[in-house]
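Structures given as structure tokens follow.
One chain, subunit A, links the two complexes that follow: it is found with subunit B in the first and with subunit C in the second.
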Partner chain A sequence: MLLWMMLACSGGTKDVALVDTVVPEEEPPVLPGVGETDWGETEVEPSVPANTRQLKRMTVRQARDSMEQISGGIVWGGGSSSDWNDHFDTLGVADYQLRVESDRQPSVMFQKFLDDAASDTCRRWILGEGSAFHSIDDPDSAVQADIRANILGLRWKIQGKARTDGDPIIDDYLTLYTSVRARTDSSDHAWGSVCQAMFTHPDFFMY
Partner chain B sequence: MKRLVLMFMAVLLTGASDPWVDAASQDLHGYARALSLDLRGVVPSEAELEAIEAAGAIDESILDDWLESPGFEEQVILEHREQFWNLLDINLLATRRLNIRSGTYFNNRRARYTRLATQTHCGDFEATVDEFNSPVEGSVQINEDGSLSEGYVWVEPFWAPGTTVKVCAYDAQTHDVTDDGVDCSTSEGFEEQQCGCGPNMQWCFDNNRERIIETALVTDLNERVREMLQAGGDYSRLFDGENMFVNGASAHFFRHLVPFAEANYESPVAIEDLPDIPFTESAYIAAPLKDHHDGILTAPGWLLRHQTNRGRANRFYGAFLCAEFMPTETALEGDDPSVLPSPDLQRRSGCLDCHARLEPWAAYWGRWREAGARYHSDEDIPAFSEECSVCAVTGTSCPDICDDYYVTRPSHTDELPYLGWASVYAFLQDDHSAHPDLGPLGWVDKTSETADFGACAVKNASGWLLNAAASDAQAQEWTAQFQVDGNYRTLVKQIVMSGPYWGGE
Partner chain C sequence: MKTTRRDVLKLLGAGAAAPALGFWPRLLHAASPTVTDRYFVFAYFSGGWDELLALDPRNPDLFNSETEVSTGINPAYGTIPNLNEEDYLVPTSVDGMTFGPYIGELAAHAEKLAVVRGMAMEAVAHQVARRHVLTGIRPAGTTVRGPSVATLLATLLGEEEPIPNLTAGVPSFNLGQPLWATGLPTGSIEDLYKSLSPPELDILDSQRDALETFFEKQRERAAHSRLRDIYDNRSVARTLIEMGLNEHFNIESDTPEMADLREIFGVDSGVTGEGGKLALMTAQALTQGISRCVSFVAADGLDSHQGAAWRTNHGPNLQEGFNSIAALASHLEATPFGDVPGDNWLNHTTIMCFSEFSRTALLNSNGGRDHKLYNSMLMLGGGIRGGQVVGASSDLGMQAQAVDLSTGQVSESGERIGNNHIARTLLHSIGVEEDVGDFRAPAVPALLEDA
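The block that comes next holds the complex of A and B.
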């Protein structure tokens, strides 16, 4: 390859002739045909219709009210009316005039606004006076056991999961916490990232 | 303490165990969360979660508390808004609408009678008026085009007591009757220069007040769902409930504005039974309906949202019978263009697939004004009118009521047998001709005799809670129970306690 590049950059046409050329075959090889049945058959989705409860995305109202309850009453945007209310149309909430059925897809649009709401809520929840955000005595503790305990407590509050360790996602939250804290040197920023990650995870908004 | 019987059979039968595939296989925490979100619209509180963890199960008493909570009422209301398509954004009463220009309210619809030309500005000067806000003689400015500008006065409007707004003097007049004896509080006064918006502008409203009134009419439907639950959950109460719910805005509308459009509206509550509350009163108060009302299906919010009788029947068919009108593939093939099509849609090819059923069902609303919310009794509109029949047959001029409500000017031979009959009775076959007088409750009663009505209630509720269709066997079981007790709360409880909702882990 190196030789080829040197030759190519030399600018001389006569040198090209020194390179071995590939003579195409007269006739291309005949490839074996592949019929549809040759792929075999596989069942991608279960064919039996589900008759049991299927996961669904929270409605916008449920996400709004749950975030407020979990955070002790923090209203997204800080006004008297939640910013969620301003985005009902954008998020496909039925108005019963132009749209008679609410969109319950976990769409990119929903996740974008959920992320915005989580960012605002988590920041003010952590900094709020008398906030019940932390489950440990020292929020700045760098002791891994404390951080882990706080993650378990936060997950219980936000996602309603049992406060038992062992789920691999706890390690992911721990990694997130330590990496943000290392970069920002701020436990508030680190906890804010964990909080936001928990609110924007399907464990929060799918049930 | 009685605990929920947790069913493991569903998991065993389906073999599903991944909560992301089958949410019914979630653990207790997942069950509590789903239950709380579905029934109350919010996740469990920390205290509730701790109590559930300590108990290791969800006590039936907790479930009952949640089913009795205001949060549950809100969830059921939201579910039913999806059925009702409950929203109003219409032009309620154009003749009483106030516009605002340069900060001054005026009624442009009446300007041709007050200022002798529409769009005439009443002027940026304070009017000289008498005790009725009528401009005194010589105080009105005559413009070049012959129109009048009388100036404005300050009025305390009914929607904001304690404040004043500028209103063109002619529109701010408070006469009950004119010097000629015309009643200014009804549509009779529309063309009278001496008539205005009455005391505190009570006979007029602007766009913002219109939205508030419409919201009140919409909320009436929501409150009827709440009342059904608070009264125990008997689902039939939605259709034969004896109350509507009014607040200050809707009470004001029925008392002061409806008289200006009596062809379209009526107060569903006798005026003497309307609560005497200010427009600004936001609480909803139960008021007894007149006898001819059939619950939500004749509520102003329903009638004005679904403005035609066909539309009303279609929504009931979709929402409460879970069905829709679907023509067969060949149904819409064209008729012979040389033949005048019959106005009887039950017989017209291309239409009959749907309309053979829709027309008789729409007739259940036959005594209700379309594009309005007024009931026409048999005294108002007899099924057959001799007077209308005579003018129709002889071709002489008919009174307005005949032209408006009766078959008088046939356009097709199929209409000839119905000359002189009220239009809603035309083409109705056999016992269908009783439908207008039975009212929509007649349809509800008929469907309640079959499993269709109950099966749809089950389908709607299980679809909401399971986010999936129940199995046929399960749906039949729930339907059979609902047929017996007709209780919506019990139905919801059955579903959320069932294996398909949570198989248990």
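The block that comes next holds the complex of A and C.
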């Protein structure tokens, strides 16, 4: 053992040069026809931002009750019972015999009857039934500022959207209003169309 | 000119069809149907029918309260008020095809009927069993694991029809098939008429045009496919109204054609109940080129656990359902199909009558009948070999028995027929021999006309 230790100690006279082991970085090979921007690109739709959630449709009863409350008590069909109730089977409302879950899809049938309900409700609301429809003093006003103010007021009442201008859809509602007004020469018809558009827009029945 | 689904899809743009292509993995690679002029009717008898009262009776001389201990079967016809003894069993012109007292007018169509007896079910809960028979695949709990067979058939055959898959009171499921093949629901023929009609006080054309322009812009701006689907559904709803299909379903109309139909389907006489109106709706949907598959409730109120319900209501409800099927079959047979002389709509329509399960062969302590794991089924029309009984329930408790699928005869070396066999058979009947529905069971060649 002593001999082994002596041999180990005496072998160290040779200087070990400190070799520079750091190899200069080489440029990564550039593959022909492939750029960094091509990596990861797919045709899949951009993912939904993390702060959103899956859209849901309101139930038939919610649609019915919301429209009645918003309009100040106008019942679709004008009777004591809403026409919505007549279409429960078609709309897939749970009866807890054949169905224990209600259909919550924004289906063809739901949108058809929603359109019918909106048409009836809006027509009667503008004619004075229920609560006040307009948010401006002169509903016949052709001044754009007045029309926009009324649109914002309606949007607040029907869809619960804040009364701040700047959303591109306000311009679309304005276009709708002016188009119908020009073709029918009737502000009632024009406001009726705006009202119907708001009730049948996903901003009303999806959340 | 008939407006087809292709025209509807054109109105929507390719957007309606494009997402669907991603959901076609199996069907894209499956054989195309070789029979394309076939239509399908699924007639549901809701609640669990009593086979002893119609499809699978027993001779009360042999099976009665005295022998029930050893046989486990008692038809108890004698406990039903106002039922005459000579009406207990209804013989037909087909050897071996005898029906119970409430088969109604369908017995006259015996030569066209294929009765399947002794089927094996796998659930006695209504929702589960119903979903099993509608999809051909046992659900996972209550969650369906496949589309309705009607949806599958609509996908394969119904692209040209405006409403490929129409359902009245029958649940419809779409897993993995194009959105347009989903069953369009309606609660009644009256509701279908309203669904396809503009409102009584409609808005002006100019208002409608402006609204459609507004929503077209919203669709263009929609950032997510789900929103685009919503706008597309809206467009479909509008298009269906504009196609003017509603008049075919205006049962209150005083036109001679509708008056004839009301008489044929027993709407005014009441012999067919609510099922008669839905059978009328079915006939119109098929013969007017509107639908490829129609599912409807032919009879209701069959879940008779209580004795009073079973004795008083079950039989008449069943009979109304079978009468509506008889009316449908007769009308389709009398309606010419295409340009070939002598050809008729019944030759091109497969009608399947089913219930989620049947009822116990013995009365319960309340004098009614409970749910049973065995069943019967009835088929007629295009592609079906009529005038036969396939399989048989045992004379001990009316249990399922194994069947030679090629001959339809009871055979120990055969297999018990279930919902998956029937589903596979329907696809086979249009030439789709690959198991595109993943039913994992063979077809029943004995049921097929051309097998």
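The rule is short, and it goes like this: the second predicted complex is superposed on the first by the 151 of 207 C-alpha atoms of A that agree within 3 Å, B and C clash if a C-alpha of one lies under 4 Å from a C-alpha of the other, contacts with A are read in each partner's own complex, and residues count from 1 in each chain.
Assume a residue touches a chain if its C-beta (ideal position, glycine included) is under 8 Å from a C-beta of that chain, and two chains touch if they have at least 3 such contacts.
Note that the structure is a prediction, hence the values are computed from the model and not measured.
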Once the shared chain is lined up, is A:K157 touching subunit B (first), subunit C (second), both, or neither of them?
-> first
Counting residues of subunit A touched by each of subunit B and subunit C, the higher count belongs to C
For A:K56, is the partner it touches subunit B (first), subunit C (second), both, or none of the two (neither)?
-> first
First, second, both or neither for A:V100, with subunit B first and subunit C second | both
With the two structures laid over each other on chain A, which partner does A:R123 touch: subunit B (first), subunit C (second), both, or neither?
-> second
Please work out whether A:S66 is in contact with subunit B alone, subunit C alone, both, or neither, and reply first, second, both or neither.
-> first
Of the partners subunit B and subunit C, which touch A:Y207 in the superposed model: first, second, both, neither?
-> first
Just subunit B (first), just subunit C (second), both, or neither: which does A:D115 touch?
-> second
Following superposition on chain A, which residues of subunit A contact subunit B and also contact subunit C?
-> 48, 55, 100
Name, in rising order, each residue of subunit B that touches subunit A in their complex.
-> 10, 14, 16, 19-20, 22-25, 27, 29-30, 32-34, 37, 41-46, 49, 53, 78, 81-82, 84-87, 89, 305, 465-471, 474, 499-503
Where on subunit C is subunit A touching in the complex?
-> 46, 127, 169, 171, 184-188, 191-192, 194-195, 199, 201-204, 206-207, 210-211, 213-215, 217-218, 221, 224-227, 229-230, 233-234, 236-237, 240-241
Subunit A to subunit C touching residues, read off their complex = 45, 48, 55, 86-92, 98-100, 103, 106-109, 111-113, 115-116, 119-120, 123, 168-169, 172-173, 175-176, 179-180, 183-184, 189, 192-193, 196-197, 200-202, 206
Flag every residue of subunit A that touches subunit B in the complex, lowest number first.
-> 48-56, 58-59, 61-62, 65-66, 69-70, 94-97, 100-102, 156-157, 160-162, 207
